[in-house]
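These notes open a run of structures that come right after.
Two complexes are shown next, each including subunit A; its partner changes from subunit B in the first to subunit C in the second.
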Partner chain A sequence: VKKLANLMLGVTTSIGSFLEVGSISTAATAGAEFGFALLWAIALAGIILAILTEMSGRLSAVSRRTFVAAVRERFGIHFLLVPILAEAVIDLLLLTAEIGGAAVAIRLLIGLGFQWWILPVSALVWLVLWSSTFSLIENGLGLLGCVTLCFVVSAWLLHPDVATVAHGFVPTLPNRDLTRYAFFAVSIVGATVSPYLLNFYGSGMIEEESGESDLATNRIVAGVGMGFGSVTAMAVLVTSAVVLGPQRILVNSYEQAALMLVPTFGRYGVLLFALSLGIGCFGAAVELALNGAYVAGQSLGWTWGVNRKRREAARFTVVFSGVILASTALAMTGVDPLKLTLISVALTVVIMPLVVLPFLVLMNDPAYVKAHTNSPVGNGILAALTIVGAVLAVIVIPLEILGS
Partner chain B sequence: MDVVRDVLDQAVVDRDGRAMGRVDGLLLKVSPRCPPTLTAILIGPSVLGDRIHPLLGRLVRAAEQLFGLVGRPTQIGFGHVIGIDREITVDMSISDTSVDAVERGLRTVVSRIPGAE
Partner chain C sequence: MQLSRNSHAVGCLLAVAFAAFVCGCGSQQQEFDKLRASLTSLRATTAAVGNAWLNGQVSTVYIRTTLDTTEALLRRDRETLLSMPPDSLSDPAARSLGEAQGRLARVLAALSHAVEANDATAVRTNLAFIAAPRPRVP
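On to the complex of A and B.
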C-alpha cells in the first residue's frame, strides 16, 4: 500500500510538471507549428526530470533533509538566497499562470470571462491545502490526473504516421524559424523541469516518512511518474500536430487549443480538454503554493508539513495562505495567463544551474547521502545539459521577444 | 569542530525534539591573548537579516519592535548545547524561550479558523 502511495507522489509530481498550463500550451503550440519535430525536447525534459526527482527523493530518504534545508546547512544562507529568491519570483509567476489556467478551463466549460473564476479557483486551492493531509492531496490529484490520458487515447486513435513520429525523437534543425524552434525547445524543457518540483517531491518523501529502505521504490516512482507525464505531454504535441497543424491553426488562445480533441471525442472534446487543463493547473497550483511554505519552513527551521495540525504549524499555514493571496492579486490585474506562462517557463531554464549545480555537490557528499552518491557520468551529463540549456535560453529569449 | 560548518545554519531542537529554528548567528567572546570562544548561539530573523545586509537586520528589528516582540534574537548559552549531530540539541524547552513568539502569535489567529485542530 505504501508503495502505491509512493507511486502517486510520482504521478502527482509529473502532473505538476507535464500537464499544467505551461506544458500543455508549449506542447500544443509546438505541435501546431512544427509538427512532431520537437518530440525529442519532451523526451529530454522527461529524462532530466526523472534523474532530478530520483536524486531529490534519494537526498530526502537518506539524509531526511530536503534540498532547501541541505543547501542552507552545507553552503550557508548567502548561497541559499540566490536560488530561493530566483525560485520565489518564478514560482509566484507560475502560480499566477496556473490559477489563470484553471480559470480559463472553467470558462471553457461554463462560460463567463475567466477573471470571474480566479477568486473561486484560489479559494478552492486554499481550501484543499487547509483541509487535506499530504496523502489525500497526492492521491486525489493523481487519480484526477488520469483524465489527461484522453490525450494519449486521442493520439493513438488519430493514427499518426509512425515513421514521422519516430523521426521527431531525433533532434534536427528546421529549415525555417530557427529562433522560434529553439525558443520552443527551451520552453518545453523549462515548462517541465521546474525547480520547485524537486523540493516538492523531496518534501513529499519526508511527509510520507520514507527512509533508506525506500530507495529502490523511489527509483521506480521517479521513472514511472515522469514516464506517465512525458507520454501524456507527447500525446498533446502529437494530437496538436495532427489536428491543428494541417489546418494552420496557430495556438494563440486556449479556445483554439481546445479544438484538438474534437476529431476524436466529438462534442466531448472541449469538455475533456477543459477538464485536463483544469486539473493539471489546479494540481500545479496546489503544489506551488505548498512548496512556497515548504521552502520558508525548511530554510528557517520551522515546524512544517501538511500532515501537522494547522495550528501546530501556524507560520507554515500563514505562508501558503499568503502565497495564494499574492498570486490571486497578481492574477486579478488581468495579465494574460498564456503570455505569463511562456515567459516564466523560459526563465526557469536560465535559473536551472543555480539549483542543479549545488544539488550535484550535495548528491556527492557522503555526509548527506552516505554511500548512495551519484555516478560521475550522471553528474557530468546533468551539469552539461543544465549549462547548455541556460546558455541557449539566454540567447534565445531576447531574440524571441524582439522577434514577436 | 568547525563552528561555521557544524554549528552555523544547522537546525536546533529542544530537549523534546521540537523545532526551534536554525542557528542564525554565533556569539563569540574575544579577549586579548586568548583564542576567541563560542559563548552562545543566536536564533532570530534579525540576526539572519544582519548577515544578509545590515539594513535588512535593522528592518526586521523595527518590525519586531512594532509588534512588541521582546527578548529577540533568542540567545542560548553554548553550555545548554547537549548534542551536535544531525541537529543541535539543547537542554531547554521551547516554551521557556522567545524563539517561537511569532508562531504563538499566529497560532491564536489560525486557531480561530474552523478546522485548525
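On to the complex of A and C.
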C-alpha cells in the first residue's frame, strides 16, 4: 500500500510540476497563432521527455550515480566542461525567466511593476531551498502545481472540434509563416525537454535513496507522469487556440495569455491563470537553482544534497545561493520574461546533442546499468535525438532571429 | 577579356543590389504585416479585457495592468513604424496604419481614465470605438 501511495504521489507530482514558464508561453503563443497545428510537437516532446527521464532514473537507481557524476567518471572532467558550461548559461537564463514569470503572476493579481516582485520571489526561492528537504520540495510544489489541471478542465469544457484537434497531432506544414511555425516547434521541444530535468530527476533518485527495486516505479512515474504532464501543456495550447485564436489575440504578454481562462472560469479565470503561472514558475525556479548546485557539486566532487545539513554541504549551499543571486540581478534589469523564455527554450535545443550523446554510451555500459542496458529501440531513439538535435542546433539560431 | 571580367563584376553587383532590394522590400512588407497583426491583436485584447471588466469577470487591478501593457506594446509598435524609411511611410497603407495606431492609443488612454474613475458608461462608450475583429477559425 505504501509503495502504491508513493507511486501515486510520484505520478501526481510529475503532472503537477510539468508546466512552467517555457511550456505555458510556447503553448499559449503557438495556440493563439497556429491553432491546433502544433499539438504534435508537444506530444513528441512529451514522449522524448518520458524516455529520457526513465533512462536518467534507471542510471541513478542502478549505478547510484547521477548523469553528471557518471559522465565525469566515464569521460573525464574535460569532456564534461563544454556541455556543463552551456547548460549553466541556459539554466541561468531559464531561472531568470522563471523568477520573472512568478513576478508577473503576482503583478496580475496585485498590480505594480513586475520588477518590484522579483526580489521577494527570489528570497522565497532561496528560503524554500534553505529550509526544505528534497521530498518536501518535490511533493509540496508538485501537489500545489496540480492547479495547472484547470487548463485541462478548460480545454474539456470548451468542446473543441475533436477532428480538428486530432488533425493537430499530424505534423503538417502551415500555409503561412513557415519560419515562425518552425521556431515554435523547436521552442516547444526545448521548453519540454530541458536538460536540467534529466540531472534533477536522477539526483532526486539518489536523494531519496532509490535502488534497483524501484525501477518499475521509475518507469511508471516517468511514463505516466510525463505523459499526463504533457496533456496539461496540450490543454494550454487548445484553450489558447479556441479562446484567443478566433479573437486574433496574439500572446505578446502574459496579460493577454491570462484572458484564455476567462470564458470558462469567469471571475476566477485570471486568478487560476496567475496561480498556474506563479506556482509553475516558482517550482521550476526552485528546481533550476537546486540543479545548478547539483551540477557544480557532482562535477567537482563536492558533498552535495539538499537533504544534508547546510554546514555539511557548505559549497553546495553557496552555489544555489549564488545562482539565485545572479538570476535575480539579471531579472531586475527589466528584461521581458516572455521574450527571454522564448529565446532560452529555443537555445536549449542547441545543447541537446551534447547531453544526449554521452547518455547513449552510459546507457549501454554494463559497468553503470548492469543488466538494465538500453533496448535497441531506446538506442535508436537516443541516436535519432542526437542527429535531429544536431540539425536543429544548426538551424535554430537563424530561426531565433527570423521567428522570435 | 578585361571587358568580360568587368561586366561580370557589374553583373554580380547588380545581382547583389537586386537581391538586397528584394529582401529589403520583403522584410519591409513583413514588418508592415506584423504591425497590422499586432494592432488587430492589441485592439482585440482591449475589447476582450474591457468587456470582461464590464461583466465583472476581471478585477480592476488586472484591467489596469493589461491596459498598461497594451499601451506599452502599442508604443513599441508606433516607434517601429516611425523608424521605417520615409518613402515607405508616405504609402497610404502605412499612413492608415499609423492613424489606426493613434486612434487605439487615444482609446486606451480614455479607457484607463474611465477605469480609474470606475465609470462603466465611459468604458462602454470607448469600447464602441473599437471595431470587432473578424473571427478566424483555429
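The rule we apply is simple: the second predicted complex is superposed on the first by the 375 of 404 C-alpha atoms of A that agree within 3 Å, B and C clash if a C-alpha of one lies under 4 Å from a C-alpha of the other, contacts with A are read in each partner's own complex, and residues count from 1 in each chain.
The working rule: contacts are C-beta pairs under 8 Å (C-beta built on N, C-alpha and C of every residue); 3 or more make two chains touch, one makes a residue touch a chain.
This structure is a prediction, so every number in the text was calculated from the model and none was measured.
Applying the stated contact rule after C-alpha superposition, one finds that A:266 touches subunit C and leaves subunit B untouched. With both structures placed on the common chain, the touch criterion links A:302 to subunit B but leaves subunit C unconnected. Using the contact criterion defined above for the overlaid structures, shared-chain residue A:363 touches neither subunit B nor subunit C, since it reaches no partner. When the two structures are aligned on the shared chain, A:351 is found in touch with neither subunit B nor subunit C.
Among subunit B and subunit C, the chain that touches a larger number of residues in subunit A is C. Of the two partner chains placed around the shared chain by superposition, subunit C is the only one that A:245 touches, whereas subunit B remains out of contact. Look at A:256: by the touch rule set out above, it reaches subunit C but stays clear of subunit B. On subunit A, the surface touched by subunit B in one complex and the surface touched by subunit C in the other have no residue in common. Looking at the complex, you find that subunit B touches subunit A at residues 4, 8-12, 18-22, 24, 45, 48, 51-52, 86, 102-104, 106-107, 109-111, 113, 115-117.
Here subunit A touches subunit C in the complex through residues 31, 35-36, 107-111, 160, 164, 241-242, 245-250, 252-253, 255-256, 258-259, 262, 266-267, 269-270, going by the rule given at the top.
Of all residues in subunit C, those touching subunit A in their complex are 37-38, 40-41, 44-45, 47-49, 52, 56-59, 61-62, 64-66, 69-70, 73, 133-138.
Of all residues in subunit A, those touching subunit B in their complex are 64, 69, 72-73, 76-78, 81, 130-131, 299-303, 309-311, 314-315, 317-318.
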